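Following this line, the structures themselves.
Two complexes are shown next, each including chain A; its partner changes from chain B in the first to chain C in the second.
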Partner chain A sequence: MNQAAPAPRENQGDPVVRIDARLKVTGQAGYPADIVTANVAYGALATSSIARGKVSELHTKDARAVPGVLDIVTYGDMDKADTPKFGNTGASSIGPLHDKTVFHDGQIIALVVAETFEAAEEAAMLIRADYENERPSASFDSKGVKMEPAAGKSPMFKEDAKAGDFDAAWADATVKIDEKYSTPTQHHNPIELFSTTAIWQGDQLTIHEPSQNVTGWKVELARQLKLDPANVRIVSPYIGGAFGSKGPMTARTAIVAVAARRIGRPVRCVVNRMQAFGTQIYRAETRHRIRMGAGKDGRITAFGHEGWEVTSRPDPYVVGGTSATARMYNYGSVLTHVSLVHADRNTPGYMRSPPETPYVYALENAMDEMAVALGMDPVEFRRINEPEKEPIGGKPFSSRSLIKCYDQASDAFGWSKRDPRVGSMREGDWLVGMGCATAIYPTAAAPCAARVRFTADGEVRVQCGSHEIGTGVRTVAGQMAAERLGVGMDKVSVEMGDSALPPAPVSGGSISTASVCSAVMKACDAIREKLFAAAAGRGAPLAGSGNAKLDLKDEKVVTETGKSAKLADVFKAMQVGALEEYAEFAPKGSSPEALSKLYAGQPEFHGGEGDKDSVKYAFGAEFVEVRINSYTREIRVPRIVGAFAAGRIMNTRTARSQLMGGMIWGIGQALHEATEIDQRHARYVNRDLQDYLVPVNADIKEVDVILVPETDHQVNPAGVKGLGELGNVGTAAAVASAVYHATGKRIRDLPIRIDDLIG
Partner chain B sequence: MRPFVYERPTSVSAAIAMASGPDAVRVPPTGADTQFIAGGTNLADYMKLGVTRPERLLDLNTLAEPALRQIRIDDDTIRFGALVRMGEAADNNDVRRRCPLLADSLKFAASGQLRNMASLGGNVLQRTRCEYFREISWPCNKREPGSGCAAMEGSNRQHAVLGTSDACIATYHGDFAQALVALDATVDIEGSRGRRKLAFAKLHRRPGETPDIETDLAADELITAIEVPLAPWSSRSRYLKIRDRESYAFALASAAVALDMDGETVRSARIALGGVATVPWRAREAEDALQGKVLDEATAQEAAEAAFADARPREHNAFKIPLGKRTLVRALLETRNMKG
Partner chain C sequence: MSDAKMSSGLSRRMFMTASVSAAAVMPLANSPTRAAQPESAKPAEPRDLSAVSIRVNKQAYNLALDNRTSLLDALRDHVGLTGTKKGCDHGQCGACTVLIDGKRVLSCLSFAVMNQGREITTVEGLASTDGELHPVQQAFIDHDAFQCGYCTPGQIMSAIGCINEGHAGSEDDIREYMSGNLCRCAAYPNIVAAIVQARDETRRA
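Let's look at the complex of A and B:
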């Protein structure tokens, strides 16, 4: 069961090995900061040590005196570039060198460029700033924060979900819980550091930078630098850890480009780990209040979910996960409200399942509390509240296999052996606890273009400006082409991660496999038609096959009746050497301008709760066992089982790997991860991998992933539901549930640490 | 990183001569212009962060004296040369057999890669990981005397509850030192004013008013060896380290325990506590509380109460007091259950 390449079940593709696996493990994959460039100069950032105020004076004399320093880009040096825009492609509206206002800790105050990395770093450390310092507001409880309703503040979150008469149902409920939950600040900390390399050739600019959105960045960078987008190219063939952090472009990209233009040389800036905390996006802390009312029969009659999220002063970044929690179960009535709290912080941004991770954590913790209050098995409680239709808009689910997931995961886990009494299970000095929770992630797709070339000798080249962020999308896109064109994977090459390729949407929202595969499929199908027409034409190898269904297999065109023609012969008959098709895919419900918006770097997303016909989600169920030492209370997770249903699984190996990684991250979110903020100064304190805790190998024991077969023809032509972000949703709640089972302590604020259980 | 001169002395005496000068007695080694480097896993990190800024580094790895790299075990002592790597000592079967506490305090530290680089001399002199100390834009009395202590009212979950002062509450994070202070180890020191042998317990200084002065060493003094006497309690000894994750993390609380038992009764106990104090912390009150007693849950608890009687918590580290006590109770009971 627990193997790297699970045998495919119904509607699941082969566990094909990643096409870049060998390159990656042998160090041959060229990450953006590895690209060899002649005459490159090195950049290092200097960042603010206050969170709010103004830079009154910047002292750069000592820095300029460091041998090898070529330039210092700071206030007034941005060559009239426009300020960044906050949105899908831009991380923040703050243009740090456009204005001396300091909005947050670690804001860029200068970029030093030098002959060597060492000189640049040394000089950057010598830059001193005088500040007009104002008292900053760090987070929720700080004086001076500004709170506002989130609905309508951002196109990402239009309204608060509601259904029925919550107040009346709440007043009438027999069993009630009313609790508060919270999740901490988290930073992605990808192992590949953030970097920008800018190279000018005349007025053409090439940026090598890890990016999840090369097309969007091209357009946005061109806007900032007032260039023709055709003259800007973003290259990012491999990415070492993204999870949203490399989705929106930050202010640094333009600053490095300006520096390279000023000195007339390529400039490479690799941001050190400490500085990444202030210059990149992150998951902001959230708070929740959940009111849940139910009848004795276990039916939920009232569900209220209020959320609060921190964002920066200028930008309304909102995740608003109530749109998913409000549709999770068959609630009688729903009332939700999300508030934004503006503080003196950098603008947060996407981090793996941005809305669901915090909001579903709160919901699922509350579900567990309610099951306890009802004296009901938590799995049974979810079964009772399984909906026919989603409660907000009354739409059906395109498919929903949650209960199947619970059944298969609980069997594999051995849930029936759990003694439900709190603190009843023990092994020696270790308390044993078992818990479970639901995972959910909206299934969306976006417009995408792809080019496929097929040659007479069976070689396939797929080109698509999507991004291999570690998910395996390059492999599954290749698999789709291999399958449609009837060749082996050894004949397929896939190019991605370059804005010169056909445009693809941002690799976020778990849309890549669905969107890319749908576009690749469309291009392949166009090639198939041409080949079939030629193969069956007059005088052609399969002439007279009439309307019999043709297919491509083993580099042959084959008929249903077993006749076949070699590819080479069909190409010969057509008198061509290669067929190339450029296809554009737009998901159902796309607007007429959806495709032109793709080229402009503003792809529309369709699916999730937004479609007219149905709501579209992937689901999962996770079961966790914890061990807690009865003396010292450290928490360990010997075992975790997750079962997930996500439509067609393209490749069981890469799917499992995504889900397993998600579950491991979920354990980290439950027990380890948190950015500490000095509340007095609104500054991040634990800015390195020593103090920013993530699980290490020794923390992760048995991780079992079950891929539950599911077929869904509504979601998109490829029948694929994204699962890249599904695995870490719910995990932390399952851990919290297990901790409660072991100790009787309900921990509502993440992460759950010894501090919470001792004493 | 600032430029610095890098030199490779080939003998202890040469290294000392190169390090000595008028400043060597005036400034602590961590503030001196010339500093020694061994594995570099602590020093190079703090140089990159700008926490320490030596003008000149003397690499100890080229010192020729073979004893610096040897572990010697006889009937009543284990002697570690200062350049023995952590990994080598942790994996030494004789060390483990004679004194599991020593081996475990090393094995549960850092990571395999770090243990292969880091020397025992450097290990005991590792500096605090206080986040405010590591980031030079914060006030810190240890890094810049008189500038204040950002941790006192800041994020101080990691910080110490024992041996603190109004100037500094930084934890001494090392593990091996807890074993050494518990086992009455001594260090051999060589400097321009000659050789001396110092009780390990006297090597580190509590912060007091001068947290920048961390040890008893002068800037031109080298640790050449660490000596641990073997005693009846050595083999029944244990290191229990409690941390946020299973590996690769410093202790939130740890206990080094060695017991000499007469049946159920404690003849003699050696106890040190890590993760909770500003220096390697010998818990003599706890040892005294156990002396002559039957070791059980109740007496272990009494010993733990005695050990933390003077603990002073700050905003985020109060949990270390109950955790420290339970760590000690568990370590005592587990050590009792070992074969003598």
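Let's look at the complex of A and C:
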């Protein structure tokens, strides 16, 4: 045992080693751009150098003259394909080569295909465009942006949450906070580059591309290329980091497929880091105004949260995190409103805890400000406002262990040693600050299918078209099968990341473990039924134990009374060599067509605040210590403690790692990450890993993750709440509060940098 | 500059400096004679192929490569060893780290032609033929020092370099000397723990 493998507590699974660990440390895990492809040609993108206008002429002569260039796909060449659709599967409605209109900087204007990578890159750099250039609107304060209410613009955000009479409560409140907060543009920057490899065999198209949604992409790509979805296969067995960025399919996939068909050869296009900033999705910048009113007793009486989000001109991408912030505490009254601001930018998309990261940052920063205004301990302030029921619909929480999280995290952190006076804690040249914040993430699940095969020698094969993006879902699906079928993990193999497998929903919204494990469990249970019926049947090894409870353990069928039959003997009695079950899971509340929609790549999500019986969330509490150099204002985070309760934990190792990674993301959001925008040209400036800052090893010291036991039978059959996105919610507010505690400076605009603390 | 000189341990930085100064001097020094030379003797075009012999994981490879081909692309696209990863192609992420003559090098910042005769070790060359993992590989598994696994080959090669250099003395040293290898899943504390374990095992051995 070491720190990476916490001892399981109640309702927590063993810290089983990742099923693909050996492949990953030996370089054998095949990411999509690693797949050896015979006779492959190389693609390189050329992108626009303006953000708004039209391409009047494209000059490709010099590019075509580069030795080795095979083809250039550009305007007119995609006409036979349909334009992309914006939604959960498609990143944007912009079909860059369907139309010479330029919607954003870095929009694809051509794809060069050549014999070598070097020739493709050289040629792509020689492509020149003449533009009818218009003045672009970059972001919130730019001239020419269009603002509209967000509610109803997206199926994911139907209405602004409200409760009670906010105006009256606000007018009457004794203590008030009215502050503005903002979060910057951020890009996921998974270390794996985005890539597409397209291979045609007759009418059959295979795409190797890192994807969080192989089924959805198959259907959407078939639609764009007017193919039978049965002839399209998306393969993505290992994904080199995703965080949402590989959820929606971008326009590139169809363009590369068309190029491969035109030259009659496989084409691989690995997008360079710089071009990814404009051709992929990102987290758009947000602004917030929070009004909070409370009585002297610390009870919140009024909570107002207004949010503004940037999106592209054509697509109404909205995250609307007010649906979570409005349900966080026992507010007397709630008023929220979210607005979209359309600018000349590429369409944003999901990035780790898309709604909660920015919105909860604003809320939790305000909570700390209110605690300060009330002269109250911030933990105590949250305890006082802990709700019995969520304030918007009056529904109960399926489970809510937030206070337990606060208790366990504050103990481990040593919160009681904190002197609440600003600037009071110091060690040598370093000002010490301590802060805390709440993490929340909706618990959802979606329909999912899985196939499980069990053979007489105890071998288990699990097949499910979900995606191993580093979460450990392949491992926990295997654990579920091993547990239900009574075999060791060494007997289990798990296939994922292929649209030829039983369909799974998009690996987003922290739904995978719940959805996949529920489906795998169902398939395993069907196998159990068959084995038990056979084992207890007439003349069978356990004949006569029909009423006794049977179980599978150590490759045996066992009875409660200690009798057992070897698996091989039960299979022999059945006269079969393998049992295979295909199971479909649909969460409670699913529509009658929910499962057929899964096959069509449109999984319904259930849970969060959408269910009738209760609202479903996972919670956590994070405590951060910052140290700020009194001369240079350098900001360090020597330690962070987070306690999280997320229902059944399948594997304490993978759960801890995900939460730890999330908390470090939170530190990055607090102190490092921001995509800078040139306001005149609506262009991303720091488009590489040198200038887009992410935490490096030296930025991180102690990270302590506490897995708080919680049991919740309402959420889904597996009892699992997702936690991939929980860890980085609230962290930035905890850091901001700690910075305030150390310096007396309340920084409301992320990221917090040295220059914010000088003077 | 002869091949022999090129392969005598010049760093990328030195190579760049040398090239820049050579380029600045060459036109003056060479222009009279160059004009008189026949067409066939003109300097190599960047697109020309060169015969390159490199040794990777103790095996020799004779390749015909575009002079611009990075060692990283040579390994992945020409040798067929895709364990070494491309994360930025600009020397900013560390995913492409390999060992060249035992020292860690970013293979995206090294032209393949610069590596004639050198011994290159990639992640595929670490485990012994009987399947026993290198102590760093095993420690990465034990401490769950990765999630998606994409930066892992680079982290492992860099960790070996870090230990060999004697830069793994303390956890703070490890953090500092491993900061050229980004892990977006942020397994950093586990990576440090893994390197401490591997360092101690290597010392005992």
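Here, the second predicted complex is superposed on the first by the 756 of 759 C-alpha atoms of A that agree within 3 Å, B and C clash if a C-alpha of one lies under 4 Å from a C-alpha of the other, contacts with A are read in each partner's own complex, and residues count from 1 in each chain.
As a working rule, contacts are C-beta pairs under 8 Å (C-beta built on N, C-alpha and C of every residue); 3 or more make two chains touch, one makes a residue touch a chain.
As the structure is a computational prediction, the values presented were derived from the model and not from experiment.
Once the two complexes are overlaid on the shared chain, A:753 sits against chain B while remaining clear of chain C.
Shared-chain residue A:556: touches no atom of chain B or chain C.
Contacts of A:672 after superposition on the shared chain: chain B is touched, whereas chain C is not. In the superposition on chain A, contact of A:634 is made with chain B only, not with chain C.
In the superposition on chain A, contact is made by A:693 with chain B only, not with chain C. By the touch criterion stated above, A:680 is placed in contact with chain B alone, chain C being left untouched. If you count the residues of chain A touched by chain B and by chain C, you find the higher number for C. Legend: residue contacts after superposition of the two complexes on their common chain; A:25 is shown touching chain C, with no touch to chain B. Judged by the touch definition given at the top, the superposed model places A:118 against both chain B and chain C.
Across the two superposed structures, the residue set of chain A contacted by chain B and also by chain C is 118, 122, 688, 690, 695-699. Only residues 47, 66, 68-69, 73, 76-77, 80-90, 92-93, 95, 122-124, 126-127, 133, 137-138, 140-153, 156, 174-176, 178-193 of chain C touch chain A when the two sit together in their complex.
Interface residues of chain A facing chain B in the complex, by the touch rule stated above, are 49, 118, 121-122, 125, 274, 429, 629, 631-634, 636, 671-672, 676-678, 680, 685-688, 690-691, 693, 695-699, 753-755, 758-759. Chain contact summary for the complex, chain A toward chain C: residues 2-5, 17-18, 20-31, 33-34, 36, 66-68, 116-119, 122, 188-193, 238-243, 270, 272-273, 468-472, 653-654, 656-658, 660-661, 664-665, 668, 688-690, 694-703. By the touch criterion given at the top, residues 1-3, 50, 129, 131-132, 134-135, 137, 150, 153-155, 157-158, 240, 242-249, 252-253, 319, 322-323, 326-327, 329-330 of chain B touch chain A in their complex.
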